[in-house]
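Input: a single structure, listed below in structure tokens.
Chain nomenclature is as follows: A, B, C, D, E and F, assigned in order of appearance, with residue numbering initiated at 1 for each chain independently.
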Amino acid sequence: MAIVRVTRRLHFAAAHRLGRADWDAARNAAVFGQCANPNWHGHNYELDVTVAGPVDPETGFVFDLKRLRELVEAEVIADVDHANLNLDVPWFSGVNPTTENLVVAIWRRIAAVLPAEVQLVRLQLWETPRNYVEYTGDQA
Amino acid sequence: MAIVRVTRRLHFAAAHRLGRADWDAARNAAVFGQCANPNWHGHNYELDVTVAGPVDPETGFVFDLKRLRELVEAEVIADVDHANLNLDVPWFSGVNPTTENLVVAIWRRIAAVLPAEVQLVRLQLWETPRNYVEYTGDQA
Amino acid sequence: MAIVRVTRRLHFAAAHRLGRADWDAARNAAVFGQCANPNWHGHNYELDVTVAGPVDPETGFVFDLKRLRELVEAEVIADVDHANLNLDVPWFSGVNPTTENLVVAIWRRIAAVLPAEVQLVRLQLWETPRNYVEYTGDQA
Amino acid sequence: MAIVRVTRRLHFAAAHRLGRADWDAARNAAVFGQCANPNWHGHNYELDVTVAGPVDPETGFVFDLKRLRELVEAEVIADVDHANLNLDVPWFSGVNPTTENLVVAIWRRIAAVLPAEVQLVRLQLWETPRNYVEYTGDQA
Amino acid sequence: MAIVRVTRRLHFAAAHRLGRADWDAARNAAVFGQCANPNWHGHNYELDVTVAGPVDPETGFVFDLKRLRELVEAEVIADVDHANLNLDVPWFSGVNPTTENLVVAIWRRIAAVLPAEVQLVRLQLWETPRNYVEYTGDQA
Amino acid sequence: MAIVRVTRRLHFAAAHRLGRADWDAARNAAVFGQCANPNWHGHNYELDVTVAGPVDPETGFVFDLKRLRELVEAEVIADVDHANLNLDVPWFSGVNPTTENLVVAIWRRIAAVLPAEVQLVRLQLWETPRNYVEYTGDQA
């Protein structure tokens, strides 16, 4: 059976600011530049969720994309869309909201609820049209 | 002489929340929905600035695009990029930061400094990849 | 009061074939080429709906985009998405489904239900990423 | 010698419907939802074909992109563009036309005719701007 | 009869440099900056050609897009694609190849051959993904 | 610690022509087609630079994107933007400027100066919106 990867793109808009609570404003500004603006700024994020698995010979699907969308909307988008990543997201509380930290946290949310028949193999998270991060579950 | 329109696209990322200070949270939520989240949310905005004028027979330009970019960066982008539209922008203070209100305020900023040789004819402001506003200076 | 244009992009996927019932297959093929394939073909359409009006000084909105989206989804998208434009759409029955004919029919649907406070000023309908039609209500 | 991957994007528009001939309409609708509409729907597909190989020191090419395009147009696009994936494609006959099944069938078509000097390493098939599948030849 | 606008996007890649033969290198560099590099640079141009007219009640077309594409390819693309705008294009000879001058020259080429049943109403010429010019035939 | 990939997209516009100095014009035209036009042509290139590494627990960054951008601008973009790839680039001199050869040369430039804390893992170089090459450092 062929193993195919299937990707669904989802969208959310959120505010954030980069910085550490245990650093003062000057140090946060030195390390994080404009992104440390205490009054927040924000982005339109695009999240590409990729799962892999054998093509089910009965349905021709690896995984129903509608079900994948609903699952990611319930576990991730409902919490982060039109929200503040520093203040509003219980499962991201106390974390400096870099795109790197965010993609790893989203990975854990999705991997925890994805049925065993399919495997989460890649998240691609765009912060702007010119930069994105990818995570494939690798640990050092 | 041919009259040509020239457009330059610029980018900024900002936080905001919709709402009126003289309404309570419940009324703001009823009218503005998710966009009234008190903890802010944000967007990547794209701003298309269009000027029109005769093509200068000497240079073949309507207006030097580099100069247009620098002018808009100085008058607009420097103030709104990585900023909070409700809190950080002196020339937008006390205004409910809808895309409509923002595009009109940006128009006034740019029109005030554009050299007489060229005319500001359209601003197109994208809040997300699926919605935008246009302003051409019309008043009712 | 400033008059601003507000645009919302919506998406649908549909099948169609070009041709006239009163022409035979050879003539339809001669005029419409590949698009007359009797077994149908299809597209992902993007529909940009633009309304114009004064910016409401109370809300800062020309028209609530969520309401605009819901209105177009109910009047248009619900009927054409994942449908056959030749067979499935009551208000487009018996019409050769060119993009030109479709944009005019969609205009009538939206204009008929749009509240008087706002004016439908432009529809832009993309059939592929390389061609689109625009309608602004003009009649010859 | 450096091993480089080279990708060419091609486009086609097609109609299809999801479902199995041995299931009744109700079961097809339950599993495939809107995609089982008996009257068909359709999409603009984008197909990214990626081949890999050493950079030829004489030409600086891995593989001539014009030749790659012509090969994919002859083997795939000529059969699926402005066609019905359920009815018109001899090498896809009797297959439920999910994007997963389609990408595997296209892989076989291209792999069978690609010269030995270059290797087919990835197909990416977009069904809409928000979902795509990838196949790299893996079998379970 | 409804008057509809129909747009077809075409692509070409070309080299150019900005400057005037009667100015020395220093003056050209002062006015045109990097774009005056004597060794040339180049762009992928996108050209959106828009025609308007009544929708033909017999065909449902304003103008056959295939015919429009072929006409623009013959009159414009064949001469400018993979060419040098300063050296290779007979109908653009001796003109400083700014986007403004180019769009006006292309307008004249297309307008001269377009059948009377349809009207050329707008050209949009993208030089990069962040800047474009528009021409609608206006003269000062 | 999670290993994450971080990508920054950069842009440049350049002229080039394909061909070998030791081949005559007829042979270059036969092998490279339009791309061998002696008067040059050009493109808008997009370069996606991907680095990988553990997420720094102190900053939440794999690598500061601003620093990555500045590094690539200094080592690559400053030399190739608004330049002629055949004539103007010291570190690409005498190389047939195919996209394949260019991506490998750019890899060497970036890899040579990237700090040890992060690893260059992929370059993606778009020559047009419909074709790109990828290099991941592999050698045959």
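Of note:
What we mean here is this: a residue touches a chain if its C-beta (ideal position, glycine included) is under 8 Å from a C-beta of that chain, and two chains touch if they have at least 3 such contacts.
Fair warning: this is a prediction, and the values are worked out from it, not measured in the lab.
Identification of common neighbours of subunit D and subunit E yields C, F. Two copies of one sequence, subunit B and subunit C, touch each other mainly through non-matching residues, since under half of the numbers at the interface are common to both.
The greatest centre-to-centre distance from subunit D, using averaged C-alpha positions, is reached by B. Superposition on CA atoms relates subunit C and subunit F by a rotation of 180 degrees, given as a multiple of 5.
Set against the Cα centre of subunit E, the chain with the most distant centre is A.
Our note on geometry: subunit B versus subunit D, Cα centroid distance of 42 Å, whole angstroms.
Subunit C and subunit D have CA centres that are 29 Å apart.
Each chain gets one centre point, the mean of its Cα atoms, and the points for subunit A and subunit C are 34 Å apart. Listed for subunit C are residues 129, each touching two or more other chains. Inter-chain contacts occur between A-B, A-D, A-F, B-C, B-E, C-D, C-E, D-F, E-F.
Across the interface of their complex, subunit B is touched by residues 1-9, 50, 54-55, 58-62, 65-66 of subunit C.
Interface of subunit B with subunit C (complex): residues 18, 20, 31-33, 95-101, 103-104, 129-136, 138-140. On the side of subunit B, the complex with subunit A involves touching residues 11, 13-16, 34-35, 37, 39-44, 81-84, 87-88, 128-129.
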